[in-house]
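To keep things simple, chains are lettered A, B, C and D as they appear, and every chain counts its residues starting from 1.
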Amino acid sequence: MNDDYLEIRGLTVDFDGFKAIDGVDLTLLEGQLHFLIGPNGAGKTTLVDAVTGLVPATGLARYRHQDLLRTKSHRIVRAGIGRTFQTATVFEGLSVLQNLDIAGGVHRTAWKMALARRGTPSYVEEALETVGLSGLRDKPAGVLAHGQKQWLEIGMLLVQDARVMLLDEPVAGMSAEEREETGELLGRIGRERTIVVIEHDMDFVRSYADVVTVMHAGKVLAEGSVAEIQANARVQEVYLGRQHKTSGAEMSSGAESSQEAGHA
Amino acid sequence: MDAFTTPLLAGTATGALLLIAALGLALTFGQMGVINMAHGEFLMAGAYTTYLTQQVVTNTDLSIIVALPAAFLVAGALGLLLEVAIIQWMYRRPLDTLLVTVGVSLLLQQLAKDVFGAQGDPVHTPGWLDGNIDVFGYHWPYRQMFTILLAVGALAALGALLKQTSYGRRIRATVQNRDLAETVGVSTRVVDRVTFFVGSGLAGVGGVAVSLISGTNPNLGTTYIISAFLVVVAGGLGQLQGTVIAAFAVGIVTAFLTDWFNSSMAQVLTFALVVIFLQIRPQGLFTVRTRGLA
Amino acid sequence: MKNLLQTGQRWGRTWGPLLGIVVVAIALLVVAPAVLSPFRLNNLGKYVCWAIAGVGIGLAWGRGGMLVMGQGVFFGLGGYAMAMHLKLEAAMATGGPDAVPDFMVLYGDGTMPGWWEPFRSGTFTLFAVLVLPAIAATILGFAIFKRRVKGAYFAILTQALAVAFATLLVATIKQTGGFNGLNQFTQFFGYNLYDPVNKKMIYSIAAVLLVVCLVVVWQLYRSRFGELLVATRDAEERVRFLGHDPANIKLVAFVVAAVMASIGGAMFAPITGIVSPSDVDATASIFLIAGVALGGRSLLLGPALGALAVGFGRTFLSESFPDQWTYFLGLLFIVVILFFPSGLGSAWSQLSARLRPKETVR
Amino acid sequence: MFESRARHAMGIVLALTAALGLSACGGSKSGEESAAESCVDTSGDTVKLGFLNSTSGAMAISEQTVRDSLVMAAEEINASGGILGKKIEPVLEDGASDPAIFAEKIEKLLTGDCVAAAFGGWTSASRKAMLPVVEAGNGLLFYPVQYEGLEASKNIYYTGATTNQQIIPAMDFLQSQGVKTLFLAGSDYVFPRTANKIIKQYAAELGIEIVGEEYVPLDDDDWTTQVAKIVAAKPDFVFNTINGSSNVGFIKAYYEQGLTAETTPIISVSIAEEEAPAMGKDVTGQYAAWNYFQSVPSPANETFIEAFQARYGADRPTSDPMEAAYASLYLYKALVEKADSFDVGEINAAADGVSFDAPEGTVTIDGDNHHIAKTGLIGQINADNQFDVVWSSEEPIEPDPFLEGYAWWDPSAQ
């Protein structure tokens, strides 16, 4: 095994006394599609925030011998860890091509930055190809459909050459067809990368997950293959218990699908 | 002893004045994201209201008491007018409200000049405020104590409004989550207007206190607006306690610096201190934590 | 046909702005000197100085989203650096190489502070005009941007800076001339300042500098940096997750804007014959913003043309309506920001965009 | 492909600009000065005069009064036949309280409107800004305000007091009152700093001890902490060189902390008839040093006050700068009539000894330094906010802007 894995030990995030993450241990290996599930408020997004320097945390998060908790966000990105956000955030005023090109700018010299772009760099072409947006290259990113924006974000991570991709609900709001395409895309690019997906849709998780980690109340509840998780009694309890407390109308689609998982 | 008490007491009074001016700003800035550069001119409106009140109510002892609610209403009405005529079209463009209100501020200054004349008008201090008490050699003017009481009163009234009344709950709900407040039936339009009225009215009350220091003049607002904004910035948004501490801190620190150096250096150094302070606490003293990518 | 149209559009995108700059250059350098009286040309020179600062504000505010309300400070750094040299030149012309400026004799003890000494050299002064604001902006920008102070906080801090700077100048009479500022220059790098031929030359230098600044921002706007700056303006946190520190990107734009303001200030001194605190305080800074808002903050030529228009309007209105002209300035802010938030330049381009299909049919 | 073209294009634009710029850059070095041609045309039956005062901005408060009396003087002169038979045609400009605007407007007046002379300016900053323009264009400027001295230009006539006609008489008055300790309070800018430098040196000469010195910025009205220092220092007298609205804050803080005209009187050099009633305090008993008070008994003053109040309202007081501005226009008339010409050179040649029976008394121009001889007066404020003259230099004092006649004066001392 090489060093290209993300190691998290005893990670804790404390919001003025409220422990949003409470002593989480995780090892995320290369070449696996790793899914992070759990009810709302379980701390999934906060975990990603902590690893990418958005919220202060204690404990350990290490990638290639680099202590991520003492590194600034943009340095973490430079170390090869990229992420997306729940709401797709692309630069709406720039074209698809410009969005991808801008993502590849980290290692450019100051002089290159001061010049205009000439032609299309090969890695940008490749990313366009991979995420299937070649035909829309000159369109402003703002006019893209929701799913296309998510793909564009993944494309930007590719251009960034992110070795670890932390994706926050990439298929939320996508059609079944788009989900399938996204799943295949993740499968393709995941072979030589570490990919972590936060997801609620259990169908999607079942179809593509190699490893699933269930989080609840800031702690890791269970970890294993899809089958192992589904058989786990504590996981079932958490989801069932949640069902009793919440009224049907307020329950999100994500919660419904997780509840499904509990029964299966 | 007086080398310590004089700046402390005088600075507390300056801080109280800054607090009255900054409370309204913190309210409108915190809730609506509006940066009202014409707030200083509402102070000026309060000062001119005091002058006009003294023309009508010639009993000086009484007139200042009458002037307080009058100034609150006049400045509040001006604020309401500003909200209805201009600001309501510009929510979600906070930086642009800053520039629009710069224009409003210029208009109001010129208007005051044309109506009242460029020469300032006198405001007479009532007899019961015209005196002092000897505190370790500092002849502490009653007027400064009155300013501090006024600030405490304004703060208490505002606190009661926010904590005890249904409007207060609506205001707090709107500050915390505008969209959610709307969905549960709070008319944020009405809440915004009430907030603007109250915030501007407070500036009017501050104007009464200012008029006791320097009478009236058309440029009176510009003297206080920047300091008041620095207080809001240093205090942080969303919590009045930050504004309170920052106001008194700026007032007292400026007074000590004035004592040690001079007024000009005190102004410059206070600015430098605020910038250094923001290095330590970039979001100000107190801030409401929000989730997600801002 | 479609291909041709596209080619035409791309051609227009590359060359259009340059063509605009050429038109501005010809208007300022050929037409204006030919038709304007020396006095009016000198007035125009003053507006050109504001326009140079405006171009930088367009970069920082329009493209970078940083509302710089205190550009008067950098305008002042350049203006005072140049004015110190001109003051020393005037002193040395009559009193020999060791002469000190008259106001130091009148109001001080006749000795000159050491930091004035290098400004005897014209080369050093030119160097200082470029480097002083860059250093000041880097220190200030570093402190502000690294701690993620932005938006209204940033605007208010910069305005407070302008107030503090002006107060400092007024209070340091023996070092900076105080409220009176620096004035009574006689020559500009050896050229007599009151000779009409030389005044025309100084005007031309300012106009050339404006064109150069326009070309610089034109290149910046079309560069990858320009794209990144706009990206930072629209979604600062997202840029962080591209691996860039947004603070550095903003810092570059802020420093370039500061240097341009300084260049404007440096030319302001010989053109108006005075630099005083009232040219650099909060009000003066707001004047600079007004022009940029009017012309269109994020356009290439908008800030410069807006600054020229506001400068001209200020002169024209104060000559025609000496008592009421502040009303116009107040209304300008309200109307432009309320109805044309992207400036009149954008209003025009929106209109022409609607008209364009008809034109291409021809 | 487009990129390389764009770079070429950029190069072309820059080259073009450089060429255009260079073509306009035929400068001439100092020495080969091309003489400024005067464009003043007095061949018709009118003569253009420029009145340049701030009617907007912070200084409008003071300068409007100067404008008013200039306009009135012009109307009076026109009614009585004009200057050398030519009617005055005033050109009004706003200096906008901004020195750079003053520089611009004076150039417009001299080269655009071709006025024969300009009147106005208030702050020293505005005068300093106008001075090089007036000298370069060889024009004439009449400056009507008391100022800190240390200046003399052949193109400017200073009709307000210089320091030896206001500050020094005030000190003489203090000595006559037996003052032993003095506190200096001023706005933080050039005039108060310079005035206080003179005061400190003269005080040392007179044996008066300076027990404190405080400055506050022009736009700052809160004097509370500084006044506390006066309370602590317990001086016999306070010398007030504060300017503008800051005076109100000073006076209010002064009385609030228990100081009065009886315990610690103030002598001011910028509180006049206009300002005294605007303090919001009864300032009866306080002093001011000027060269003119509305209460000065003279037939010329009676006529002046009558005319002014008839023109602008019976409630309008008259004050020193207004009177100096009024006198400046009449002095110009006298200068032109003595020289029998509107030419600047001929006016200057005829200047020495030209006099006018001004409301303050007879004033006479000193041909060397272009200041005028004035009588120093100290007034004490009475219950009607008028000044009772309590001390006078008796004779007009010859102007000495550089204080060359005062042995104790050492300009290079701190």
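Criterion: a residue touches a chain if its C-beta (ideal position, glycine included) is under 8 Å from a C-beta of that chain, and two chains touch if they have at least 3 such contacts.
All of these numbers come straight from a predicted model, not from anything done at the bench.
Every chain gets a centre from its CA atoms, and the centre nearest the mean of all protein CA atoms is that of C. With centres computed as the average of Cα coordinates, no chain lies farther from chain B than A. Among the pairs B-D and A-C, the greater number of C-beta contacts is found at B-D. Centroid to centroid, with C-alpha atoms defining each point, chain A and chain B lie 46 Å apart. If you average the CA atoms of chain B and of chain D, the two centres end up 37 Å from each other. The mean-CA centres of chain A and chain D are about 73 angstrom from one another, to the nearest whole unit. Work out the mean CA point of chain A and of chain C, and you get 45 Å between them. With touch defined as above, residues shared between interfaces to two or more other chains in chain C number as follows: 167, 170-171, 219, 222, 238, 326. Among the residues of chain D, those in touch with two or more other chains are 6, 56, 188, 215, 217.
Multi-chain contact residues, meaning those touching two or more other chains, occur in chain B at positions 110, 262, 264, 267, 293.
Contacts from chain C toward chain B in the complex involve residues 67, 69, 140, 143-144, 147-149, 151-153, 155-157, 159-161, 163-164, 167-168, 170-171, 237-238, 282, 286, 289, 293, 324, 326-327, 329-334, 337-338, 341. By the touch rule above, chain D contacts chain B in their complex via residues 56, 58, 60-61, 64, 188, 214-217, 219-222, 224-226, 228, 231-232, 245-246, 248-249, 252-253, 255-258, 274-275, 277-281.
Looking at the complex, you find that chain B touches chain D at residues 2, 6-7, 10, 13-14, 110, 113, 118-125, 130-132, 137-139, 141-144, 212-215, 217, 219-220, 222-223, 255, 258-259, 262-264, 267.
Contact residues of chain A toward chain C in the complex are 52, 72-74, 77-78, 82-83, 85, 89-94, 98, 101-103, 105-106, 108, 112-117, 156, 160. Contacts from chain C toward chain D in the complex involve residues 10-11, 14-15, 18, 21-22, 25-26, 29-30, 33, 37-40, 42-43, 46, 93, 105-107, 109-110, 167, 170-171, 173, 177-181, 183-187, 190-198, 200-201, 203-205, 207-208, 211-212, 215, 218-219, 222, 268, 272-276, 278-279, 315, 318-319, 322-323, 325-326.
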